[in-house]
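Two complexes, one shared chain (subunit A), two partners (subunit B, subunit C).
Here is the complex of A and B:
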């Protein structure tokens, strides 16, 4: 259930757990807060590689990340989302709000 | 007497002679008749053949008459049947055209309805999708706001903890004030009478310290309740923020399934329509073919007419044969009658024997 933050050059990834929901919101907030404060990070990647379930709280957290990133002049990309997770992201029209990879 | 006898003999002789002559004449006549008959038989038509001709002509006439009657009846039946069949087929064709028109109208209306229904379906699907979008957006916004609330409530907790820290300092001050009051009371007791007034002040200060500690405890209790409430509201916020999103996926799939069902239904309806159209065309052609085929009536009537004419010719032939036969027989009969007459003309019709009657003179 833990979140890993993997940093590369200009982008850093937050690797999400198998189930991403409200119980992760404090960890998630602290993870992205740290990255947004980092002047060397231009883009925050949210990695869904291991994730097979998300709920509305996950979507809410992503939207909060987006507004905070915009305020900090950075971008957010959602990567490796597939299956039901990808369907849920699309049904919420997140492809118009985030870069998908 | 003798003369009488002679006369009688003479007369008898003469009569005998006359009889002989008659006999000879008859024989000669008979010979002539035989010869004549033979001649007729040889030169004209043999009487049996003439009879056969007449009989054959009779049979032939009867057969021809029967055949003509049958032909007439056949022509009548053919005409009647064909007229009726044609009428039925025309009625069938008419019905079929009406049926086709009704079908076309139905199909057209059905297609128009179908188009309208398609529009309604699309509207329905669009509305459903829009509703789903609104609902999804609302759910996500609620979650976002809930998480913002949770963040705010975390800040509240942080601030409350700061208040609790300040409260601890106040309690420390109260504790130290109490200690100060205690020390003052001790010093006042040591000063005796002179410190009596100071002892009163020390007691008051201690009272204030107790009061302060009481307020602090009250505030701490109240803050504890606030923190409990915040925890409860956090739980509510967590429930508010956490909505399973599969409902949206299920709804979306249902709408998609529904649309593909509608599309399949439309396709099947269109193919049935095409099939019906094809059948209508084929039936039309068959009925037209049947009506055309019934026009063989003319040819059949003409054939019957020709056959009747031929039978009529046969009739004439029969008449001719009959005529020929009868003419010959009549001629023969006439000849025989002539011969008979000629025989009877030279024969004393009343004479029964040579002894009686008078001598016939030739």
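Here is the complex of A and C:
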């Protein structure tokens, strides 16, 4: 399944699928690589609105995005996470690493 | 259009009786760039095919007086990995002749008097097929080699993890557990050990992923855990070190969720660091969950030291509660309808467990098996139940009965080294003296007791003495730091929730400690073969305390002096040491431990 990238002004969001796990690895990486190379993008938003399941590999992918974004001088925000997904992000204390909205 | 690259540097065998046809064929093949070799007898065919297999065979319907299809069958019997395309030439224009040739193992059929263009087209098609066959053969071999490598890596991972998890260790320290890896080898790890101070340490780690990648993260992790836990380091120090090793050894998208546990046997204190695992549950004998310890820190291997600050939860146990820790694989184990095992089923299984030590594990195992019937787990599942170790009975083997004279009437003399030196002069002895001072900077940063015990071990402290020394030094050090420098009041611990408040206040005051110093002086004297005295003196720069009143109250509980602290620590010192001396002010204590 490919991921939708929606851009507006200085921020662009990557819309995640229903289940976000290692099988999305390639698509996710190519989605964020494109955004990080784009000089006009200051912040990358990862949108969980449609997502109801993530696993630890997904957390790993978010960490990868975070370290690449840091190197590119950009920020990352996790948006619209709810339910189990939110619980998993909170158990891992990702609020200390990413902006949550 | 001819693709000459299909033919260049290839060779063909031509088996044709009619010399005119044969010569025409050879000339045509040469035009394509093929080296063609004419064969005139059947004897040479098999040898040639075996020893230097040609890339193409062109064969007449009859050859050297035999039915060529026999030769074709013979060639086809050779290693299928070396497939050779075969084109048959015949005089018969009937379709049945072509069917016979193809069914007999040839790849194509051409009638004598053929058009050169048609010959070229058929040969091109055959050589293209050959190229494809070669390519797929190459891929098959690659794949087989790759699978062999993957299998040997899996073997390695399995071996490493079985070495790492040291299940025999878990059994030895009396920990109940259940461990079910998802893929034959797991990214989950259980470890437990007793420290030299008699405390029980436990670790449940869940690394991202499975297999070798996960195992590699877990190697430095367990090594560091065992090394530090056996020496009795505190959970803060252990988690910081574990975080460092995971960070050092893993890719940026890899991390490890851990739950670290320490049961301090003597104090009946439980400490837990939960970094990224589901809440650990404290369960009492009535099988009620009396406390939850949710994840309080980010998993290991993500942040560097100043940013990574593990939260240590500490509390006192009321009775014989047990601690249940588990990985997220337990919650997420699915049945065949994709329904999660979930928290409610976990709580139900806990409520139904019998009070025996393995009751919790058995009940969860049974419930999990019923839920996941017919489904193999997609994630590693591990759970572990720890209960407070039996306190201290192993701590004092061979300890002489507490020296009444020395303990009942502690000498209120300055604990100066003068007395010791005087005795040295009159009886020449071998001794080793070490004095170390720690300023507030080290007190904030270092877990001092294990560091000193380690030092003492490396200069020759006997193993049998280690746990006694550890306990004594811990008492002396905690008194000097908590009461001497941080002015904490032990009676706080007696209040409801006082334990948490005590430790909260302790870390606050320690973090803002500016002045203050603790000096530890060890004087080890060898008295005779295998025997001696270890003198430990701990001095702080605090105001001291009224030790005489404390000791009086401790030795005469009937006086009911409730205004003094619990005195548990002091009582322990009096039991474990052969001599306990305070200075006048009460900010320096000197104890003797005799052995041998």
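By our rule, the second predicted complex is superposed on the first by the 100 of 101 C-alpha atoms of A that agree within 3 Å, B and C clash if a C-alpha of one lies under 4 Å from a C-alpha of the other, contacts with A are read in each partner's own complex, and residues count from 1 in each chain.
Everything below uses one rule, namely that a residue touches a chain if its C-beta (ideal position, glycine included) is under 8 Å from a C-beta of that chain, and two chains touch if they have at least 3 such contacts.
Fair warning: this is a prediction, and the values are worked out from it, not measured in the lab.
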Which superposed partner A:64 touches (first subunit B, second subunit C, both, neither): both
When the two structures are overlaid on chain A, which partner does A:92 contact: first (subunit B), second (subunit C), both, or neither? both
When the two structures are overlaid on chain A, which partner does A:77 contact: first (subunit B), second (subunit C), both, or neither? neither
Based on the superposed arrangement, let me know which partner A:21 touches: subunit B (first), subunit C (second), both, or neither? first
In the overlay, answer first, second, both or neither for which of subunit B and subunit C A:56 touches. both
Shared subunit A footprint, subunit B vs subunit C, residue numbers 55-57, 59-61, 63-64, 88, 91-93
Over in the complex, which subunit A residues touch subunit C? Could you list them? 55-57, 59-61, 63-64, 67, 88, 90-94, 96-97
Can you check the complex and tell me which residues of subunit C touch subunit A? 206, 208-209, 252-255, 257, 275-278, 294-299, 302-303, 307, 328, 379
In the complex of these two chains, what residues of subunit B are touching subunit A? 132-133, 136-137, 139-148, 150-151, 154, 238, 241-246, 248-249, 252
Give the list of subunit A residues in touch with subunit B in this complex. 21-22, 25-26, 29, 54-57, 59-61, 63-64, 84, 87-88, 91-93
